[in-house]
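Every chain is named by a letter (A, B, C and D) in the order it is written, and numbering of its residues begins at 1.
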Amino acid sequence: MSLLQEEREIILSNEFVESFDFAEVTEFVKNASKDLFISHHFKNKPKGKMLVQPRGGFPTYKKQFELSEFFVKSNVDVLPLTIDSNTRLNDYATAQKMLRLSEENDVDMLNGYPLINHGYRTTRKMFTHFNKPVSLRHGTPDARLLIETAIASGIFEIEGGPITYLLPYSKNFPLDKAFLYWKYVERVCANYSGLNEPINRESFGPLTATLVPPAITIVVQLLEMLLSLEEGVKSFSVSFAQQGSMMQDAVTSEVLMKMARHYAEEIDCGDAAINLVYHQWMGAFPTNKDYAEQLINMSTVIAKLVGADKIITKTREEAAGIPTKEANAKTVANTQYTLGILNGLPKIVDAEEEEILTLEVQAIMEAVFNDPADTLWRKVFNCIKNGIIDVPFSPHIINHNNMITIRDAQKNIRIIDRGNVPIPDRCFKYERAQCDLTKDTTSIVNDIVHDIGIMQ
Amino acid sequence: MSLLQEEREIILSNEFVESFDFAEVTEFVKNASKDLFISHHFKNKPKGKMLVQPRGGFPTYKKQFELSEFFVKSNVDVLPLTIDSNTRLNDYATAQKMLRLSEENDVDMLNGYPLINHGYRTTRKMFTHFNKPVSLRHGTPDARLLIETAIASGIFEIEGGPITYLLPYSKNFPLDKAFLYWKYVERVCANYSGLNEPINRESFGPLTATLVPPAITIVVQLLEMLLSLEEGVKSFSVSFAQQGSMMQDAVTSEVLMKMARHYAEEIDCGDAAINLVYHQWMGAFPTNKDYAEQLINMSTVIAKLVGADKIITKTREEAAGIPTKEANAKTVANTQYTLGILNGLPKIVDAEEEEILTLEVQAIMEAVFNDPADTLWRKVFNCIKNGIIDVPFSPHIINHNNMITIRDAQKNIRIIDRGNVPIPDRCFKYERAQCDLTKDTTSIVNDIVHDIGIMQ
Amino acid sequence: MKVVTGVVGNDIHVVANRLIDLSLRARGFDVFNLGVNTYLEEFFDAAVETGADVILISSLNGEAEGWGREVRAIKSRYKTLDDIIMMIGGNLVVGSGNAEDIEPRYKNYGFDIVCHQIDLNTGLDMLEEFIKERNNP
Amino acid sequence: MKVVTGVVGNDIHVVANRLIDLSLRARGFDVFNLGVNTYLEEFFDAAVETGADVILISSLNGEAEGWGREVRAIKSRYKTLDDIIMMIGGNLVVGSGNAEDIEPRYKNYGFDIVCHQIDLNTGLDMLEEFIKERNNP
């Protein structure tokens, strides 16, 4: 832990950081209530029960406390803590200024909770008070300080990863650096995991939420999981968002979970818990709030059909901006009600689709493992750089953007141009055969525009 | 048609009936717009499209017109016409009085539209104006006059049947009479069916909507279908309501449609169109209106999963009484939106459940056919009388009420006491094996109370 | 013990009626179930015919109030029913009523046991308790 | 014909950018796509480097108004860009603006083709029309 300790001291030498008492933090984690650990809930929840987690973050302690209190009253299973975008970019000075303005003027000047500025001593009071597991939602490429502060605050689930938090959000943050920063995060999580219940890491499966084919989603989930498990993390959640076709969601879930267990075994990490998280529709929402509620309810039904362990909810106000706490709480209550009445889940099968998707994922994973680099993160880095992994609609300069996807008649996302991604010929032929490819490119562009807006 | 004509004259000799000009009615049906025939829509709708039909009926022409107009604006596919309960009991005098009071005082003194009192000449104006198919919802044991008037009005879908409109609603209306009255209805529908598109008949599958096992639901649907087809009806909708378990709904749909086609072929009526109608949850609704909307949306999702051709909707105000037209229209719009975004339906399988249910249905059907009576309706009548067909929670004195059902852990409805229903031993053993039967009767009664209220 | 049960008046609420039937049998009673939509006279007629010990009337739609008033008058016409236990349960008033007012009112109508919006098993416990006390006063 | 395209400023809306790229290629253009989050100078630098005929700027988040004002000043520093076709499209104002006001304003900033909330293919038709007219006046 000495190299880690060195890095740690560099990170903490920052004028906005309170002094860390690691001995005290260790004692705190060791003795913390099991209820604070989502890994504990995953392990002990009744079979089929899905944990419900909304989104939300406010700048001031007072408003964040009120939000959490409101959520607890509406029967939430997991509290969210969404971090503001200045903190995500490690700009604690601006976050500090905006926090002060928010406190003084009762206007929210930040789009989330500036955790570094509040500090762990303060924040811990809030979450030990509610005694519910908390999930950290951020989007930070360099989250080292944030995660140290989060765990010291009693936040025992950390979302994100070097690929999923970079490729959808950044144009040119250096990806190699992100891998190293996240390696630190994984190690910190792993180290704390021995003290009590494990810290849970969660990958962000939705990526750009825009026509990402399941093969890419799954590969990215598997790789972030492996990068985490190889550092010693013992509880990991893979995730994906509603894709627009129930069948494709079901097949994605099946293949993702099977492969996740397979590859975890391969690196001798079969003892790690692997959970499935489902995001309610992450694409463009209808502006009609009644319709938004229909979409949300449908997402919940699908989440249960695909066997998710946790669902992350949207609100009827999604199209309008940051939702009120009332809207958020309403979704939580509605989702819990729906999960309660949703019974007798049928078995779903599509052997052909499952085979095709499995072959695609295996082929890409094999290409990654065959990269000549010496460590897994370097192999992954190279494969993003050379387009073996290609995320549609990523704004990042490193991403190839040569893969083209459209929806077939059943709204399944299909790959019609594979770019440099090693989709096997048989699979590629199958994918294209589902689509009408007689159209000219102009029509296909129109189709893509339509395919992105299918829920509106 | 001479015996029918005789009966017809008796029915029409009623002081509340306008004089019928059958030559004119025949001409009207012959030349009526195809859009008025739901059978035409069933035949020509795109594959997978489900017709949406709300519920609703008001006493005065003006309010019924406004309701229909409102529905058309919210993109309804099928207009409902719900008949008031005086008319259902053939008490046209009271209906007339209450209609007059409703018109004079602008208060609704009837719970539906008194079709006989308005007459076909008036009512036809409304429905030819909207040019949408109309479905007649009533609950009338002797619907002979009502159906004559309905068809003359341009209402080309008739719900009901001698079993499904009797056993859930009446304590002692003579069942044998009901069979004969409905025989008349079938013949009238059949006779008009040769003139243009066929008149569609629809059975009322929900029955008592209280723990009716799928085997009973299916048998009753099949028998009412056969009684209709053998009189010459060429378009028939079987139906059932959400049961509480998605799996059971899927299996019910599968077995119902397979068997319906099979038995239709058996009596050489394979040329008749058979459609599937799904009722959104018909049991007790939650009083929380937001929850009611979740339940409604979930019903829609299941309807599409089971491949329904038409869905009959509920409203968020279900628990509170008769819904406003706004609430009704909102459900229609929401349902249409949900059907639009619900894509990529997965294949659902449960070979064992399907086999068990098929065996049960076959056994009961065989027992009915083996009854020594000379006509099908007499066989059916005898089998209800001797408990071979037993509908849980029917208030009718003829019904045995010896079958007892409860829900298993997945909320499937299971038969734990078969009474006199010839459920094969193997199936009965299977049904009971799904349940915890170690409890005493008091606990089981508590379970039943709970099972009835699962959506609340 | 023999019980005649049913739902009084034009009330068609069958679910509670079936559950009462099931539960009474489970407790060892002989049950004569008249079903829904039963007139007051039919209860007394059936009690005479079967030699019942108890008449258990249920009512859900709120119309019991109207029928209740006639109990004494009608019952008095039957000579052999003086010792029969009269019980009523369900929703005993239209709208929301006050339980403290309702019970004495119905006792005054001639009922021994009055269960307004009381859980089924609690109600049947009350019946068994009443029978026990009457037998061993 | 060579086109330099990208999303101006801190705007990260990548979807439209990808679709413009695809559509331009489908119409036979050579495309140099600078992606999202591109500063004004980068467009001109890239145009000089590639010898582009067209600069197509897109903007979704409303910040184009701020950048637009600087177009003439910055462009004037580049000697070889006098004949380049300047096009902008997307949501060109914050909130809801009046199209009749917006177009002359942006033309005044130095744009030849201004597409405020106009369908992508219509916009590219306008570009092709503009090129045709310029070539055969």
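Odds and ends about this structure:
Just so it is clear, contacts are C-beta pairs under 8 Å (C-beta built on N, C-alpha and C of every residue); 3 or more make two chains touch, one makes a residue touch a chain.
Computed from a predicted structure; not experimentally measured.
Of all the chains, the one whose CA centre sits at the greatest distance from that of subunit B is D. Subunit D has its Cα centroid 60 Å from the Cα centroid of subunit B.
Per-chain CA centroids place subunit C at a distance of 84 Å from subunit D. Each chain gets a centre from the mean of its Cα atoms; for subunit B and subunit C, those two points are 35 Å apart.
Shared interface positions of subunit B, defined as residues touching 2 or more other chains, are absent. Shown for subunit C are the residues that touch two or more other chains, of which there are none. Per the contact rule defined earlier, chains pair up in contact as A-B, A-D, B-C. For subunit D in complex with subunit A, the touching residues are 12, 14-15, 17-19, 21-23, 25-27, 35-37, 120-121.
Of all residues in subunit A, only 244-250, 286, 288, 290-291, 293-295, 297-298, 301, 305, 330, 333-334, 337-338, 341-350, 410-412, 454-455 touch subunit B in the complex they form. Across the interface of their complex, subunit D is touched by residues 169, 171-172, 208, 210, 392-395, 397, 401, 404, 440-442, 444-446, 448-449, 452 of subunit A.
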